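Going by the order they are written in, the chains are A, B, C and D; count residues from 1 in each one.
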Amino acid sequence: MATDSPMQLGMIGLGRMGANLVRRLMRDGHRCVVYDMNADAVSQLAGEGATGTDSLSDFVQKLQTPRAVWLMLPAAVVDSTLEQLVDLLEAGDAVIDGGNSYYRDDITRAKSLLTKNIHYVDCGTSGGVWGLERGYSLMIGGEKEVVSRLDPIFKTIAPGEGCAEPTPSRTRTDGTAQDGYLHCGPSGAGHFVKMVHNGVEYGMMAAIAEGLSIIKHADAGKVDRTVDAETTPLRDPWAYQYSIDVGEVAEVWRRGSVVGSWLVDLTADALARSPELDDFTGRVSDSGEGRWTVLAAVDEGVPAPVITTSLFERFSSRDLGEFTDKLLSAMRSEFGGHAEKKN
Amino acid sequence: MATDSPMQLGMIGLGRMGANLVRRLMRDGHRCVVYDMNADAVSQLAGEGATGTDSLSDFVQKLQTPRAVWLMLPAAVVDSTLEQLVDLLEAGDAVIDGGNSYYRDDITRAKSLLTKNIHYVDCGTSGGVWGLERGYSLMIGGEKEVVSRLDPIFKTIAPGEGCAEPTPSRTRTDGTAQDGYLHCGPSGAGHFVKMVHNGVEYGMMAAIAEGLSIIKHADAGKVDRTVDAETTPLRDPWAYQYSIDVGEVAEVWRRGSVVGSWLVDLTADALARSPELDDFTGRVSDSGEGRWTVLAAVDEGVPAPVITTSLFERFSSRDLGEFTDKLLSAMRSEFGGHAEKKN
Amino acid sequence: MATDSPMQLGMIGLGRMGANLVRRLMRDGHRCVVYDMNADAVSQLAGEGATGTDSLSDFVQKLQTPRAVWLMLPAAVVDSTLEQLVDLLEAGDAVIDGGNSYYRDDITRAKSLLTKNIHYVDCGTSGGVWGLERGYSLMIGGEKEVVSRLDPIFKTIAPGEGCAEPTPSRTRTDGTAQDGYLHCGPSGAGHFVKMVHNGVEYGMMAAIAEGLSIIKHADAGKVDRTVDAETTPLRDPWAYQYSIDVGEVAEVWRRGSVVGSWLVDLTADALARSPELDDFTGRVSDSGEGRWTVLAAVDEGVPAPVITTSLFERFSSRDLGEFTDKLLSAMRSEFGGHAEKKN
Amino acid sequence: MATDSPMQLGMIGLGRMGANLVRRLMRDGHRCVVYDMNADAVSQLAGEGATGTDSLSDFVQKLQTPRAVWLMLPAAVVDSTLEQLVDLLEAGDAVIDGGNSYYRDDITRAKSLLTKNIHYVDCGTSGGVWGLERGYSLMIGGEKEVVSRLDPIFKTIAPGEGCAEPTPSRTRTDGTAQDGYLHCGPSGAGHFVKMVHNGVEYGMMAAIAEGLSIIKHADAGKVDRTVDAETTPLRDPWAYQYSIDVGEVAEVWRRGSVVGSWLVDLTADALARSPELDDFTGRVSDSGEGRWTVLAAVDEGVPAPVITTSLFERFSSRDLGEFTDKLLSAMRSEFGGHAEKKN
């Protein structure tokens, strides 16, 4: 099932995401020119059929005009790469930032590149390590004509209509959302939607994790708690006598339940591999989008307590609230003479 | 694909859920005896092949011993129905409460019924109006032997293994979770897990709704805000100039994205039907399980800020925080002479 | 300034709170009979003028009828003490529970004692280690006549009108609230109000602690953060270059600011003693009232996200969210191949 | 008790805050030159002893060099006023922004003014309508020498040491925090601390308001709730039978309790005037600092769920979560056929 409209795409950044995008594109009949600081990554993909290059100028020369260049880089190095790249490109070329840039940077960059008649497209890309097989959900921002020109690329990368049942009430037949990619609006709109997507992801993850943790601790009544002035005893220990297998719960929620979701699928998988999750310590990173989502909610005046709380849970998991907690203990000590308990 | 082990089941309560359970069971070859206060509901299902009855005693007489009776009733009338029913049942019979009872009531009821050697099984049932076709996710509590005896019933009602991809890391082949039903533990365990399921549902729904609302208001910079001492102006109106179609966003998130879920599917459907959701005023009910989940988290000492916040969002949507808000305005008036703004 | 109406009171429980209540009462001219399991505690107060006793029956015998007995005990031992005590008391006697009982227990106990015509008064007591000098804020529940009879006791224990400016708009001259004690309603009402008082205390403490922590970390731009795909760099390090002395901030907030409060006073004191709070690890206990406040909010359907969040912050400070956090890390690993960072 | 070091100060902006600052300064022996767009405001203060002016240039001319000019203006008009003013000032003059500017603007402005050797001081001012009598808490940022030169002004405006008990553990005798004003650091540090102060204020207010609302609704068991599938009945109506006077509760909390605070004082006052707060609808404004506090917490990576939640409560009180809530109702309708309830 090769694409009807094969195109050439240049990919800069051959980490897991970039490399798999190239593979998915080539499988579908597109031609890819690839570059990475790491020559081994280039060789690997050249061995799989891509055109390898050994410098940015080599890379640019091997692309036909108008060029289509996809950047799949950590947000922190996009600007420096763009700076070098832009000097090599020509009017009419297009650069797609497929990483996790802050949407405000997109607006700035697009404006700057447009002075040289180079087009900038921001493309939020969701799908993680599974995207090669499942396809990637794409949220795109930029000029309409440019996005249209690149449509065969987006269509190939996206999961495609068949991977989910049609939405029953959906009547519109134009558009691409049902194929798993969407032109959301002008520059920045793609990363804006992707940013919020990740905010939603934080909130959904937290809801699932909190729930399974409540189920895990349904045995609270079996444990003797110390009874002292600092600890309130459990009033109804008889009501917390369950030892429930949370991995099996995640598995059963995968089918037919209201919370059925890819995140529950993944949770079931993780628990099937390691029921106690011993490989993890519980220090949960956050990589920017959650923070930016909260900033946007505050700017817009939209209440977002659930998403925000899920962000702060992650901060707390990394002990970033330590001084806050010390202050609380200090106040308790001041007014009540309460000493901290050791456990 | 009829069941290998046809059974007889009595169903009390022929609302949407109860009636569809009966239909799904009969399709698979089970025989159903049905009762409801509403004779029309009984006639309807009798016309579809069920055995209709016109009183509880008629209902009980038409069931073979050991009887299997499924209650699909509002939580508030389960106890009164049980009271009448128990006098008619015999030792060895089993009652399944498939509604949304509080798990603590299950513990009490099971203990009470066991004095007459009648078995009580609690079964949390998720699937809503779609369960007839999709199957229902079942979370079951009660005695092991009794739950085993009823297995063919649960197997038919549940969605079945085929409706989702296998969990890659799952190695165990015993058990039923992969078929969409699970014996979670002794009495109450089923409704406990279902209760938390709904708590998770609240949190996931809130995350999705908050996120889409942030996207909806990405046009905040287009609107002139009054500038006065009471209102802070938006510092970066240029960053909020997007008019994004949230229905299309929900549609694109359905495929390949990390937030892909049945709730996003349903959201896409609702927005396809009515992009502004004009049929709704935004008064969001809560029906008990969310509250109980919070009580359990507090009792267990497990932090659940996301789920809890989503519950309180619902309370606020119904103006239950009105006095709180008046107090806040009153304080502002006291210390700052701030008058309330009208909009 | 001795009381006009000296009374006799029996005190059971001579911990810090109980002993100081006795001292405050004796200073004002009341006579106290005291009992504690710990004979040293009894001797100590006997040396200060109280009538010591060496058993509950000795204690009861030394009290004039109708007796007034104050219990100042950990919540967990109130019921067992009451059981012994009640057999020794007579119709007309009154028992005051001045500890931190759950208000629902008050309702049960009052009803039970009333069958013997013994009166039960619940009295929430706030003031901590400072109450001997400052007086204690008292929130009282029980029968009106009994509370009235005990008024001289409450009046002495309470801080008295002079300790705060009059409330300007207050016109009522009856009542006792302006003296620092209040009959809130029938049995349980006192502990109900005290319970919520502590919930408010949790929320206020958290607000202060979070704020000072934000000020403490106003130097975030001075610190180099690792830049990688897991960590978002601080966009505006120039805006976080402050090294602010949080102890001085707490001190300045004590005078004239909107957040002026006893809790800020205490925070300033703690920081004056130890600017980095090195004596504390940040494991913050919760002793029951905060939990019960959340349960009440949920039962009543009143949104209380701030108080609840402050409770969950305490849970998290004691690592009770560990499994939740592990689940989050596990999900991130599943969909994104993200490894946990060590710091 | 006039100041030892009388100074001259120019005040621009004679709203309530500006006018009262002038009055407080003049009472203490300082001389004030005043300007406002509103000539009546100028006349009023001229009548009380200030030197009135009718234009910015008139205002500047009447000030001795090096001038000290205090701006007490809405944040939104500070920049335009500064622009005109700066052209009239001379090297060595100082401008104090006493309003609620965003601290980042302070950094920019200070840098810009310094190119003309004009000094900029940011001064967060708390105290509201009560400051004339109580004094204002001042949080100051800027160059050390300039702040020192202005010390007599700050000392007069601040509440002074006597208005609160000394902090027992405080040993340092230098500094000014104990007088109610503090030089917090370089430009912006004053408004940074004031910004967080207001964030703390939001959180404390919310804690108090939520708590009193829970007490207000302690009668929840007296009300009949509809019992249907959408509403969970109150399990223990007997536990919610209290009609508690929340105004009296606020009054009693003013003395000796842990939550004693100016905000509780004000709440007691508001409730004494209007027990049901009928003058308010509950639309709670937020004026910028709360939002900026949240942005700072997110940037710094400091968990601040309580302060943030209190901000979002305010958003919700103004129905800014309406689309979120409609989405929730729409989802419930989709999966469960749940119709919205009218009340």
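Assume a contact is a pair of C-beta atoms (placed from the backbone, for glycine too) under 8 Å apart; a residue touches a chain by one contact, two chains touch by 3 or more.
Everything quoted here is computed from the prediction, not taken from an experiment.
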item: Shared interface partners, meaning chains that touch subunit A and subunit C; value: B, D
item: Same-interface partner of B-D, chosen from the options A-D, C-D or A-C, over half of the pairs matching; value: A-C
item: Chain of greatest Cα-centre distance to subunit D; value: B
item: CA centroid of subunit A to CA centroid of subunit B, Å; value: 28
item: CA centroid of subunit B to CA centroid of subunit C, Å; value: 39
item: Multi-partner residues of subunit D (at least 2 other chains); value: 128, 206, 208, 210, 212-213, 217, 235, 258, 262-263, 269-270, 291, 299, 301-305, 309, 312-313, 316, 321, 324, 335
item: Subunit D-facing residues of subunit A, complex; value: 258, 291, 294-295, 298-299, 301-305, 308-309, 311-313, 315-316, 320-321, 324, 335
item: In the complex with subunit B, residue positions of subunit D that touch it; value: 16, 74-76, 100, 102, 128-130, 205-206, 208-210, 212-213, 216-217, 227-233, 235, 262-263, 266-267, 269-271, 274, 277, 279-288, 291, 305, 309, 313-314, 316-317, 321-338, 340-343
item: Subunit B partner contacts - residues on subunit A that touch it in the complex; value: 103-104, 107, 126-128, 131, 134-139, 158-161, 163-165, 167-172, 175-182, 184-186, 188-189, 192-193, 196-204, 206-208, 210-215, 217-218, 220, 234-236, 238-244, 248-249, 251-265, 268-270, 272-273, 293, 296-297, 299-307, 309-310, 312-313
